[in-house]
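Two complexes, one shared chain (chain A), two partners (chain B, chain C).
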Partner chain A sequence: MPMLKYTSRRIVTAVILLWVVVTLVFAFLHLLPGDPVFIILGSESGAQAPSPEQVTAVRHALGLDRPVPVQYGLWLGRLARFDLGTSLYDSTSVTVDILARLPTSLQLIAVAVALAVAAGVLLGITAARRRGTWIDVVLSVVLAGGLSIPVFVIGTLAVLVFGVELRWVPIGGFVPFTRDPAAYLRQLALPATTLAFSLLGVVGRITRGSVLEVMHQDYVRTARAKGAGEVRVLVRHVLRTALIPIVTVVGVQFGILIGGTVLVEYIFNWPGISTLLFTAIQRRDYPTVQGIVLVTSALFILINLIVDLSYAVLDPRIRYEGGA
Partner chain B sequence: MTRARSCIWAVAITAAALFGTGMPWGPTPAPGAAPASLTFGLSAEPPNLDPHNSAGAAAQTVKMQIYRGLFKLDSRGRIQKDLVASYDQPTPTTYVFHLRPNLKFSDGSPLTAADVVFSFERIADPKVGAYLQKRLAGVESVEALDPQTVKVTLHAPDAVFITLLGLPQAAVVSKTFTLAHNDDLKTVTMGEGPYVLADWQRGVQLTVTRNPNYYGGAVKTPEIRFVFYPDDNSRVAALESGSVDMIEYVPWQAITQIQSNPQFGYQGTDGPFMYLVFNVTQAPFNDVRVRHAIGYAIDRDAIIKTAFFGRGGTIYGLPIAKGNLAYDPAFDHYYTYDPAKAKQLLAEAGFPNGFTATLLSTAQYGMHKDTAQVVQQNLNAIGEHVTLSLPDWPTRVATGNEGRYQFAVMGTVGDYSDPDFLSLFLHSGPTYYAYAAGYNNATMDVLLEQGRAAMDPAKRKSLYAQVQRTALADAPYIFLTYREQGYAYRKGLEGFRLMPGFLAFYSAYEMEGFTVAR
Partner chain C sequence: MSRRHPAERVRVTLGTAVVAAVVVAAAAPWLFTGSDPLLMHPSTPFAGPGGAHPLGTDEFGRDILARLVYGARASLEVSAGSVLLAGSVGTLLGVLGGYRSGVWEAVTMRSADVILCFPPILLAMLVAGFLGAGVGHLILIIGFLYMPQFSRLAFAQTLAVRQGEFVEAARAAGASTGRILARAILPNVVGPIVIQASLSAASAMLLESGLSFLGLGVLPPAPSWGLMIATARNYMFQTPYYVLWPSVVLSVTILGINTLGDALLDHLDPRRRLG
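Entry: the complex of A and B
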């Protein structure tokens, strides 16, 4: 079973890769200047300095006075028991925090990617088929806009137009899908579309390029000559091949977005993992940062694996050898 | 099953898993909740809810609804009795507090002197990290004379002791509850205030509901939803779109537009202040003439215009405003904006061709960064060579705590309006990023300690006059500007009254009195 062998080798590599990533993050975090103890003792608020006894006591209570290698060893030990530790700020379990916030980010990313792929592929194909015409020009400008306008500009404008002026959507507040699907979808609409618009540019341009390349291949001409309808030609022949680079890009984008949606989550108050990571870094909440990096890296590696495996599905010529 | 159909099944199952998961948060009122509740837009999510810790003004606003203390601040910023019914002071260092009868925590358990004693002990315990640990270190002993009476003995007379007990960080906590929860009050609460914690959706909002056992009786607004809006623009948009009834921390650039909108009300005051802090052990700022020169060289109006969109006030002396016991108009204009004079002072100090220095600030907060940029411009315009160092906030704090800076920008607020707040900045002590590194004046220390121990207002005024004179002459700091602190709300919100000056941050103390007409 060459596919199974391939997959198991990839998983072993993934585990090693994860260990390297989290070790690097642990090291960098502890090398960074900035002491969580002083932030915990209220550096943001009021001018009263903590007393030296407080600093020592709190540092000890949080286990931060032990030598860094010892802290690393303890953390690895907990990791082996699937325990990601507790936040320095509110003693809540990091695992619980991540499980609460990760799905909301994934929901946002999934919907945004779905929208971006649907719109991007459609626009890309249209632009490719009408290459050189004014339609192509207009579409390329739109795609370029998605690529170049910063997401926080789009987001803030969207809040202003759809939230304040038109009042089509509420600003802030959040209701889980299982509790009130209609309200949830209304809240999701704006952040997902904002994110989708940014992704649209990449997907659309890759599609356009890829379709253009494939469109003029011999087998496409053959299909047309045999009398196949335009749609059938597009879907069964052109897209199947053109999809490979598109899938690669989408996979990479999806992976990057996990933990990378800070701006959208911040502007729209979407309670996701990115804002949790951002706050944790700002406060030097070491266990939370380490936990989130571990989980998002694992997801990223998993997505890449799925993307690689999907090539075999899309292109029968690709098969993974056990020894490769 | 064909490949396409199995693909569709895979997608369907993934979608169900994706959208059906996520922590099952508690009962949530849908947006547009019951008409009687108040929705408040907070500028940050409270990191935790331990009342003895200080975790920012936003967290404070929430805690003030759940917890109360022996005293409190009223809507005019005056100290009032809260859990205390009356008190005596048999000697200058002894206080006997008589609690109100029948006080209860929100679960119905009685609030007694034992809880008050426990709260003092908890504040004194270093590993709790209580904000007032150092300030209440003068408490020698606390004992419960009977379930309704607490006797506190101090080492020395303390003019601000009662004021300190009125701060939200001096809340009374339940001994049984706290011990049962391993002394960890970060995410669980047991208070005696007008509201109880009902629900906390991380990253989204926090809801409090009426406390049936509150001694002050039924409060007008049955529920308050605190929604977190860290982004300034979203917070203002939330108010303007009607998603919230009230917001705090109105961004300065939005104040004018809100004030001119008849649908909204705004109340703001100058409270917190920006200042320059010097490391007085290192050149060039170990020379007091150089520090004085800086006082003349900075264009405070430019700072207010740039960093605060015109919403603030200049400080040409110390941040002691009218209404403060120690206020004396004679100290208001110690400096003027006079670059020529600054240059002259610097030449006398041995820097005719300008000094070279790095100004420490942070890129993380716009107001700090903007202030630093104006200061740099002003100084470089008269021939100095100032470069900026703008790391993130935790790095800036760490650098300051280690004293590895020459001069730096800071911003803060006094915890109370008593002139004793100056002792934080002027009394000698360990290096801290908010205080001038290396500043150590024994005469000043004595004056500050005497000022705190004196009970006679006239005597205190004269002591603090000397403090101010010395502080201005020594110039370990140059104070720059006040910045405006404001709340905005939709018309129809009754019962809100902004507290003056430094106390603006406690204005939400009386939220139980707010009502919103709909």
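Entry: the complex of A and C
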């Protein structure tokens, strides 16, 4: 059962990585030179010195007055109960705060990925089939633009053109889908398109490359010779094989996607996890920042695991080599 | 039989020209502008283009062209500095790990696995937010985050060549490990590393400008493109050109670096050239 062996090995690796990440996030403050409490309160960056009461309060609130091994034990114990601590700013539960914001971010990311994959695959196939013509050149410039133009530049210019000059869509904000679906979609349109553009370049280029590689394989020629229509050849034979690198690249790009999400949420005032992170950093609310870094990294590990496993399902060679 | 479209060659030439111009602007900004990027003229904020200020002035009456030209330095310092750091340490670790196996391999590959677990922008925001922003911190943190890109690549390349006959011959001739690494292995690793460096430089610049845009990167009043876009955003309803200039300059620069990287990749990988 090579597949089972491969799967369990990958899951064990993911769990170990998760533990290392949990430990590093805990250790971050202790690894830095200087007193953690003063780092949190920002006296290092030259702001006014925190009062002794403030220092004692924060030290006690974060349990930093206990021995480090005890702190680490408590940290693991709390995480086992999905307790990420309480915010220094308003004493709310960090877990609750994050759970309230996470779905909003995931909606944005999911729609953006769907848009980027649909458009990227379409553009990539077109470029591959018209290789060497001016259409290919124009498309490759567009795709290179997607890779090169910073997402906050696209977002800013999109606000300027569509929100301010043309007034097609609102320039920011959020309405829950359940309250007003039409308004929700109008609010989502610009941020999702902006975020999709940052992924479009990669997906389009990978699609172009792998379609070119597959297009002249024997089995594709056989399908054509049997009289299969062009669309059928493309979808059933070319795209199916080309899908593997596309799936991988979306997984690998997830880190960049999160970077884009941070900036897009900031520009469009989208109340997701990144806006929470940004305000938490400004308020020097360390437990909230720590919680968000941890949750996002855990999601990151999970997504990489899923990509690796789906990769093995799509391409049998991987699981035989990896599981041996 | 290169099947390159002529337009493709024009693109590469343009990309090279852009990168060259940015490097010159960072090294000798006075060649492009006679104005001081920090000098304020409170009496003439938001002056239109023309006259003494070819691109107009910002909210403090500072010359926008001068700020754009001097802004090249911060962007280039961060991207070149972090890529040099990541490239040298990463390559060294990767080559050692690939050649020595055992402990070195474990250190190289597992540390890469762990670093890759963190989305770069989050760690950068964490460090900048709690330790302070600025060019130095940006170089250190981006350099650290980009190390796996180089260590993994160097590792794979080293594995591929270490069984080669020329390595065997060097070892039989009694060459020291250091000499084998430097003379036999490294030359075979350098090509892909250079390509990776150019792509990483573009992505480091993207990251730096994004952080500066959020106010967590280059510190004011130093001119930085990301910071300029963030400021100009507040005034873009009155003076849309102010936000447009840094946006165009930043995007074209990153596009130029990426184009160069692609050209290098095409050049060194014959499969891509023929395809």
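The criterion applied here is as follows: the second predicted complex is superposed on the first by the 248 of 324 C-alpha atoms of A that agree within 3 Å, B and C clash if a C-alpha of one lies under 4 Å from a C-alpha of the other, contacts with A are read in each partner's own complex, and residues count from 1 in each chain.
What we mean here is this: a contact is a pair of C-beta atoms (placed from the backbone, for glycine too) under 8 Å apart; a residue touches a chain by one contact, two chains touch by 3 or more.
Because the structure is a prediction, the values reported are computed rather than measured.
*Asks:* Thinking of the overlay built on chain A, is A:50 touched by chain B (first), by chain C (second), by both, or by neither?
*Replies:* first
*Asks:* Have a look at where A:39 lands relative to chain B and chain C in the superposition and call it first, second, both or neither.
*Replies:* In the superposition, A:39 contacts both chain B and chain C.
*Asks:* Mind working out whether A:284 is in touch with chain B, chain C, both or neither, as first, second, both or neither?
*Replies:* Touch partners of A:284: chain B and chain C.
*Asks:* Have a look at where A:91 lands relative to chain B and chain C in the superposition and call it first, second, both or neither.
*Replies:* first
*Asks:* By the touch definition at the top of the document, which applies to A:147: first (chain B), second (chain C), both, or neither?
*Replies:* After superposing on A, A:147 lies in contact with chain C but is clear of chain B.
*Asks:* Contact-wise, after the overlay, does A:164 reach chain B, chain C, both or neither (first, second, both, neither)?
*Replies:* Both chain B and chain C are touched by A:164.
*Asks:* Quick one: is A:293 in contact with chain B, with chain C, with both, or with neither? Answer first, second, both or neither.
*Replies:* second
*Asks:* Examine A:268 and indicate which partner it touches, taking first as chain B and second as chain C; both and neither are also allowed.
*Replies:* Touch partner of A:268: chain B, not chain C.
*Asks:* Go through the superposed model and pick first if A:156 touches only chain B, second if only chain C, both, or neither.
*Replies:* Once the two structures are laid over each other on A, A:156 reaches both partners.
*Asks:* Intersection of chain A residues contacting chain B with those contacting chain C?
*Replies:* Residues 32, 39-40, 42, 44-45, 156, 159-160, 164, 266, 282, 284 of chain A touch both chain B and chain C.
*Asks:* Considering only the defined contacts, which chain A positions touch chain B in the complex?
*Replies:* 32-36, 38-54, 56-58, 60-61, 89-92, 96-97, 99-101, 103-104, 106-107, 110, 156, 159-160, 163-164, 167, 170-180, 183, 266-269, 271-272, 275-276, 279, 282-284, 313
*Asks:* In the complex, go through chain A and note every residue touching chain C.
*Replies:* 13, 17, 20-21, 24, 28, 32, 39-40, 42, 44-45, 132-134, 136-137, 140-141, 144-145, 147-153, 156-157, 159-160, 164, 209, 212-213, 254-256, 258-259, 262-263, 266, 277-278, 281-282, 284, 286, 289, 292-293, 296-297, 300-301
*Asks:* Within the complex, which stretch of chain B touches chain A?
*Replies:* 3, 15, 18-25, 28, 30-32, 41, 45, 47-48, 53-57, 60, 125-127, 129-135, 137, 184, 186-187, 201-205, 227-231, 233-234, 237-238, 240-244, 364, 391-395, 397-399, 401, 412-415, 421, 424-425, 429-430, 432-435
*Asks:* Per the contact definition, I'd like the list of chain C residues that touch chain A in the complex.
*Replies:* Going through chain C, the ones touching chain A are 3, 5, 7-8, 11, 113-114, 116-123, 125-126, 129-132, 202-203, 206-207, 209-210, 213-214, 216, 226, 229, 233, 236-237, 240, 243-244, 247, 250-251, 254-255, 258-259, 262, 275.
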